[in-house]
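Note that the chains are named A, B, C, D and E in the order they appear, and that numbering of residues resets to 1 at the start of each chain.
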């Protein structure tokens, strides 16, 4: 088991965002979190990456308890988070965006070139845009950059928050194909997806969240057959 | 005048980038029209041109036969165009009701002196605004939340309030920018019903949307844009089988899924 | 507390305010009067900063324009207070309109600097245009305000005159806040494009905020001129605009209570610290830093936080 | 003609000074989105540190070293006490806090060093050099050279180095910067230290020209501010171009229009620039956060 | 509702705190200010003070002192404070005024009119019998109505003629007014330096700007017009535009009215621009703190018009003061230190003779003739203006050399 979350509780001020979440992620899996807005998906991701602190519960990564670590230490340990809304640095060029994400390991005589090549191979469009400023990219390109940037920190576990949001269907397909490729190269992936069809299509396992709790978890194949799920999350 | 909205050779450039190529577009009154296309196709640009946020580089916009090409957004709104946004930016500190009231304030006439002396006509006007706003909230099914601070609502409900805000001043044309984004499936199908009811009020609806199921479900006609060019227009069935559309936009798999 | 229990604090407060002059020295009365003028200034400034969210640094200039309008009319033409006060409000309001127009194009720091430049230019004109403004010597010999036969020539009577104006202007401000103009201001601050598309003429509303705040500043300036009966240009420089900004932020923007608290607190604070002699301004600076560190939303923000803790619930409803 | 050249040369010197003071707060603004109203007091403090260093018997070179070290420490303390507790608050809250700091430093310096102007020596003699009929101070040339060097260094740092990119990333989106593994607090602390050092350099360079007085920094702060707006706020090249432009325009205006309105010239120019090109000569690479 | 209650409580708290000390003052002291006429004021003060005196001998005689101790004019305020404190200390060491110790109530005016008014009210709440003001004219003008209202004998150290022209019988000036000083400066420039084309350089602030027209009318007496009039704000650091304008006008003497730091920079920049035109300045170059910062080259050709140069005196009493001031502060006294020392001593002398009654002190001040201070010999005219000596000092040698004195 790569990442294990036990009874995680998170509060925003007086509001309880996560009631008690437990989940496990194994090496080389694609795990999807689905659920309505406000169910606690993003909160879960933000807590894993250290932006939020849990009120109780634990997060264990490769046998180490990481829930009190500072964000940069978590990143350095190999957990990389692509935030919702892409959040690329608008005033940096594509290359600079990619470079700043290497700060946990670069600069100790290690070249960033191999990583850069890897990203450019995954997203050839970015190579054409190397010296363009972040804000001038289109939505799809920004999403590619956001994923590529996260790849630059040499992650072992990649967390993706709503990568399909606001993208045209064909682009979404392309990006998910790339995610699949990334996964096949050995990376574990934890993703949040609004589009349950898509999640079930690409993920190995799925957790369904409602009101800050895991209400159901199973393999994607099983869930796709589940009539209850069919009814409330998938269109028919 | 057969069209409620008509654009003639409307185009927009940002610097050297053509966000929208010369575009002729017409909607008949009472229609529900969807505008689809890949990201960067110029859909939001088009809506922004219509609502006066952008000034076109060239071309004309006619609304109810009247030129509105270089008119400021608030005037366009007063003429009878309602508009929602892709990402809702609610007015934070205000309650749900006040958010909606704001949409009707453009119809208010009593000036600042009436407010200072709290004249009875100003009070009456405020009551009327409140009444209108409650009605609009009732229409989208959010009346029970009227006193909540808007930011405390879930995202999908904020979108509904935004819709009420765009409706409250009785527009003739409603522009919806990705109304279903961030909504659950249930909320999505409620939305479809809601859009239909809006049409039944006699309001023409133009929506930009990525959720194909919703688009196919609700629209009378669909217009497809790709990188600033119009590539197809027609009823949903035609669009679904149009090979150009499938190639540029839907992708084979999605198309299969929809069918 | 019984049925009328909730009125008790208000009655105590009202009595305290009304009886204050009878029990205090001229020294504290003078500070209270100055604080009263600041209250009007800050309530006006809140329209721009707290409500419209525009950082303007020219407020002291409108204050000065109001003061000079009143003073010069009084001294040159012996026009009585009840005429020069509205005149000051109108002239300042017109300047608000003039400044508001070009600055509508500016945002954030650019607006701050643009208005700052305007403010400095106004002070320079007040200092250099001797023929009209009497230059750096300032204007002396302002006839005291009077009402019928009653003359407001001491701090005690002037204090009550100020209370009258503060009440009127605070009520007006509250009515505007709660009207469609208040809604529009909040809308512009939080989401300008959405506001525009909702049918709000954002430029007109912003201008209105500028004019209103200038009118309030003009009235405050006029009241200042009649309190001191002497004015000079240096009072209305950038340091004054910064004081006004600090007062509003310490009190807490967006509410009349915050304006009142900020004005009172920062008028009295340096005077309270005088016993520290050489160190008093140093401690004043420390006070500002600490207040910002521990109550970044101002005194009023802290008060709200405490109340929400007491009530054990979140302020989900807005008190209308 | 000779007088015109002389005026332009002197205007450029003042321009350098405006630019030098602007440089630090442009840096702060770009990284944490805050206008530092205490910038002038940092310059002043550095000059007083210099006076103290000389008075305890350090040579001029060592005094420079002492001041830069002291300012670096001060910069760290400054961010630790003023910025760190207010992170994530609206920029205006932090601005008020910096106003508080400027009041503190003004009065602290008055209490420690007294209200009288003080002297700080220069490496150079006060004798002007006659270059083709134009009289130039060696110290002014020194100021010019150091200004150009510092601007080049800061420009290179921001645009060409990893640490510069990190600073920009933090400026544009601190939370995402964290997610990219950047130690945001360290970067911010670093920027404050760098800003303090730049203010220190400005203080050391200006002290021999201006005398060491309580208002030596704050009196030119508003001009520096205007200069950076004219150049395009947040832009490093904009700060120097705006500074030099303002310095020259101001001195020419004072000479050929009226010296009685000299202070107004900067503000009139500022207003004109704002109304004609609202984003300044160099604009902003990134939209403003507010 | 709770919110409102809390706000109310907060305001209440503040107001009560504000009342606190004031209430105490009220119980122990009567303020003799609200009396309709001067005469009545005198009587009632006596009436109320007598029984108090019977119960307790007044423990101190209080003299208020308001000066710019912070911000822009802090240097001036500092000298004044030192001079006043030195005088008070000497008086108390010698047993006080008729056996009652003298107490100075010192407050800062932050160099702004609003704060100055607060400061004077703060001082008044301590019931002083006299007041010394070291403020600029704008601040003094803002305070004058309060002085009049409170019938408080006040010595000001401002030099603007407008201060004594207000018709306020309670205001006395110990410093020669600008009209007198400017006339003396013009006289020196024209008669001694042979000026034909005079340039004027003044501070853009009030104290400089108000002198410019006085200088111009003094020049007119000699049938001269200024060749150029330039000004610079005291925050300005570069005067080359102004200096080159003067140079272009080919002036042969520059009359200068500025603050200390600008004065030094002006002298320096003149030399840097190769100008050696003689300068006749306000007292700025008579300040010891200024002289130590200037090089011999910069000092050349500079004259200062100053009220007095105590250190150059041959009078033993004055030299004793200079020594005492040096022992206390480590610097040579300037005119502000001397004026302020004189003001305290003068008040003490008058009070010793006539007692603490306000009207009596006022009458006592008007009666002063030729009272020998360390700066002037004082006699007050009907406007309350005293101290009509102006010395011209040549600072070329780095020390203050008196080259001429004008007296009225």
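By our rule, a contact is a pair of C-beta atoms (placed from the backbone, for glycine too) under 8 Å apart; a residue touches a chain by one contact, two chains touch by 3 or more.
Fair warning: this is a prediction, and the values are worked out from it, not measured in the lab.
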Worksheet item: Which chains, if any, touch subunit D and subunit E both?
Response: C
Worksheet item: Between subunit A and subunit C, which partner chains are common?
Response: B, D
Item to complete: Would you kindly count the fewest steps from subunit A to subunit E, each step being a jump to a chain that touches the current one?
Response: 2
Worksheet item: If you take the mean of the Cα atoms for each chain, which one ends up farthest from subunit B?
Response: E
Discussion item. For subunit C versus subunit E, what separation do you get between their C-alpha means, in angstrom?
Written reply: 33
Worksheet item: With chain centres defined as C-alpha means, what is the inter-centre distance between subunit B and subunit E in Å?
Response: 71
Worksheet item: Distance-wise, how many Å sit between the C-alpha centres of subunit B and subunit C, to the nearest whole number?
Response: 41
Practice prompt. Please set out, as single numbers or ranges, the residues of subunit C touching at least two other chains.
Written response: 278, 281, 314
Discussion item. Counting only residues that touch at least two other chains, what does the list for subunit E look like?
Written reply: 70, 204
Response to the item:
Interface with subunit E, subunit C side, in the complex: residues 6, 9-10, 12-13, 16-17, 20, 23-28, 30-32, 34, 127, 135-138, 140, 154, 228-232, 234-235, 239, 257, 260-261, 264-265, 268, 270-272, 274, 277-278, 280-281, 299-300, 303-304, 306-307, 310-311, 319
Fill in: Residues of subunit D that touch subunit E when the two form their complex
3, 6-7, 10, 13-14, 17, 106-107, 110, 114-119, 126, 128, 135, 137, 209-211, 213-216, 219-220, 250-252, 254-255, 259-260, 262-263
Practice prompt. Give every residue of subunit E touching subunit C within the complex, in rising order.
Written response: 1-12, 14-19, 22-23, 25-26, 31, 33, 69-70, 106-108, 110, 112-115, 117-118, 121-122, 124-125, 137-138, 141-142, 144-145, 149, 160, 162, 166, 204-206, 209-210
Worksheet entry | Touching residues (chain side subunit C, partner subunit B) in the complex | 172, 175-176, 179-181, 183-184, 186-187, 190-191, 193-202, 208, 254, 314-318, 320
Item to complete: Can you check the complex and tell me which residues of subunit A touch subunit D?
Response: 49-51, 70-72, 75-76, 80-81, 83, 87-92, 96-97, 99-101, 103-104, 106-107, 133, 135, 149-150, 153
